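Here the structure is laid out as structure tokens; the discussion comes afterwards.
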């Protein structure tokens, strides 16, 4: 029995240049499309009569991009979702994931050159549009926002057993590569300013929070977003704890005044939660 | 409101060498541990009194590995799940993911050297143990199994619209980097032979199937596993379509008799389904 | 015969936090150390009596970092090179490669928070110190600077043969992930401001150049640096051509006014050159 | 002054299927082409009149692949080098790098299915052809051969200073991801069997060597190849020391009888040498 199934196209790379005289703008997106619906026949009998080719999905992204300026990823995702729902009767739920790779203008002599750009990262802006037969839901997010705080982070008061060697700490480095995704109440909002506002709220709360753990700060960040942004109905945060361990310099006859750390990739703590109203 | 949350440790790297005279065996695992339970206080109030440190989780993996020979990953995952459930009253659901990186013996003069090994890949063997207060569920899987068939693969009979340019094909290259995960009915089985049997069934079905699409072959692979392995109650297959496009050699005055292809990474089709009994 | 050999330690991850009241600064470095010298005995006879362990190299990085504030990577590299040369009589040439991962302060209410940071990238700042018995040479660089220009880039007038299908273009997208490395005439300079000046020169030349090819712009960028920075004696630039191809929208009854592109990773052009005075 | 320069095309992905009835064979190559020559005018003046487009290089790979069965990468590299040298008078030195991604047949019922394949790795087979106006040189290699020995590896007798904390060991795990490249005396040899013979010699020496250090074993591996393969005139080995550290279980009241290790990626020792006759 086919309990669940989906198909689609991933990693569609789309770059749009918009030229207004000598001031160009640049949008760099990776798009993924995912169809769920009445496609059992293609699985069980090899019947492709309702299966829109994933190659056509890709072409559609480029064709529809030609009709509009991609100021924000969300409206383009909505446009794609509506297009596919209208055309494909077997399609019950379509998901469009958009990742925007940020570029900033290069300045020459202190002025925006207008036709050249510098990629910024590692963070990306994401958007997700989920379209069904009844309604469309729009979400947004940030991936790979690497942040670190050098004070205001403790981890203590935890239970100990015979395998516990971790010392309690009241002043540790706290670093994470945050991924946040949130849902908007409405399909129409001022997506660009909203995204920047949520991002700034997350950054400020991270900076100012008196952290007792990653969990504690994650919750504070989510809560502040829900408090500040009435149009956000839920937010999910995934925060790997990118451990930075202080080096034991006493072996070398020196003192480490909480200044010298080794950054590690493996293993890492993984903390995640979803907050709703 | 904290709608859902989890925390744990990922990418715990564990290598065990077992020495029986001059014949050593080697197990190379990456372990991830994920706790769900009554930990809301750590999020909302920074109360860590029930929060087993993820560092302790890591230590526990090494300490418990010292008590047993890791012949298969599944029993070790069960052991870890039971350990954590027993010790942590707030823990409601624990998930242990284990990835085994395969090594084969190096042969010298045609004979197994016994104390030296060669890594094989890219495929890995995976196991997942999900432990709750009532029961434990055990699953297994294969990740990144790259397979390709050079005949018996068609894609035709699909709908066309104004954005469709894909030609129908009755003899294309079909390549994928398969990820399969399946659930066992029982927590005790002969995990090693079962895993190898499912793997061989997947490979043989892939090879022999007269494919009308990725969906069609994915389903046949899952169905054959369910038919052949009565102890498997569900199987999930994720098969990205790693496109290989024939090169148009007519531009160079040559014919491409379906022999010369470009392998591409982006974009890719993504086909996934879960089959149950 | 041992024609050449080297050994060392790579990927030493070092993070230093410097606290001046509530204003912290953060340096995040990856360090690699490479020894060349009279170590043939370790290769041919397993004689380790002169082989400083690479683990000691790593420890030395942390120990010496504790003695100084790592404002720039170059002086720390010089310090490490001198240390190793002084201690190891068999060492004839030591190379220290330092990669700095940039972080910027997080602002709260428009003001620098002082104790929290945001990683910027993908570009990194690099430094290379090569120490011999006679002298020390210092170089610097930038890796993975992703830049794109949306005008002022042509590629035409090239030879054609029976395998040439590329159309001439007078207005293409030009994108690259630049790596630059340059050598300073002296071991003492104001490394931070010098690095930023070279970076800005590279960016401005890239933006303003009327490009006939990647080669043409690469050369202009190197030449401008040599013209502007009298203390730079050589510069090497490696510029992969990250192709962005315009999508043929005529198949969909639309026109592509040089606005819609697909970004590709494979294959890529690779252009490299070293300019000296 | 343009001290040195090169240009070319990298990451050209070529898959060739050869059909002999129901027995197919598969070759999967990544090709890189690098031109050096009298191309200064393209850099200094934007003069492209001698610059064969890298897109044409790519097309040439596909066009020439259509004329032959790619049994081994080396003859195809020679063919490409000769083609480019003949056509491009400004070309003084061309380098063709070929990486073969290995696939093995899938067996069904114990027999080779003939038309389906399983990717093996992570190791790859490499070949390098360097063509000049006077002669052509051919080399071969192996990349990313991950090997581990669980006995016969010591590291002791090394100098100690105040930053040395590493204990001496006479029984450690020795793991590396080896890259080897070697040069053949002649441009014609039986490349496939030669490659497999060198690979087996490297594996057997690694397995059997009584290792005093990575350097010591690296040298023995290279020396054995030169002894056994009279047509190999030089070999270069790069062997990162992928550290596996024994876990201190005494903290948990247990003994680690050299059985439980953590595998680490960072930092790593890096040992490299070239052996010639």
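Couple of notes before you dig in:
Letters A, B, C and D mark the chains as written, and numbering starts fresh at 1 in each.
Definition applied: a contact is a pair of C-beta atoms (placed from the backbone, for glycine too) under 8 Å apart; a residue touches a chain by one contact, two chains touch by 3 or more.
What you see is a predicted model; the values in this text were computed from it and never measured.
The chain with its C-alpha centre at the largest distance from the centre of subunit C is B.
For the pairs A-C and B-C, the larger set of C-beta contacts lies at A-C.
Work out the mean CA point of subunit B and of subunit C, and you get 37 Å between them.
Annotation: 25 Å between the Cα-based centres of subunit A and subunit B.
Averaging Cα coordinates per chain places subunit A and subunit C 28 Å apart.
Counting partners per residue, subunit D has 13, 59, 63, 163, 165, 251-252, 264-266 as the residues that reach two or more other chains. Touching subunit A in their complex are the following residues of subunit D: 162-163, 165, 251-253, 264-266. In the complex of the two chains, the subunit A residues touching subunit C come out as 13-19, 24, 26, 28, 59, 62-63, 65-67, 103, 106-109, 113, 115-122, 145-152, 173, 203-204, 206-208, 244, 247, 249, 251-252, 254-256, 258-264. Contacts from subunit B toward subunit A in the complex involve residues 1-13, 32, 34, 39, 42-56, 58-60, 63, 87, 155-161, 163-166, 211-216, 218-219, 234, 240-241, 265-277.
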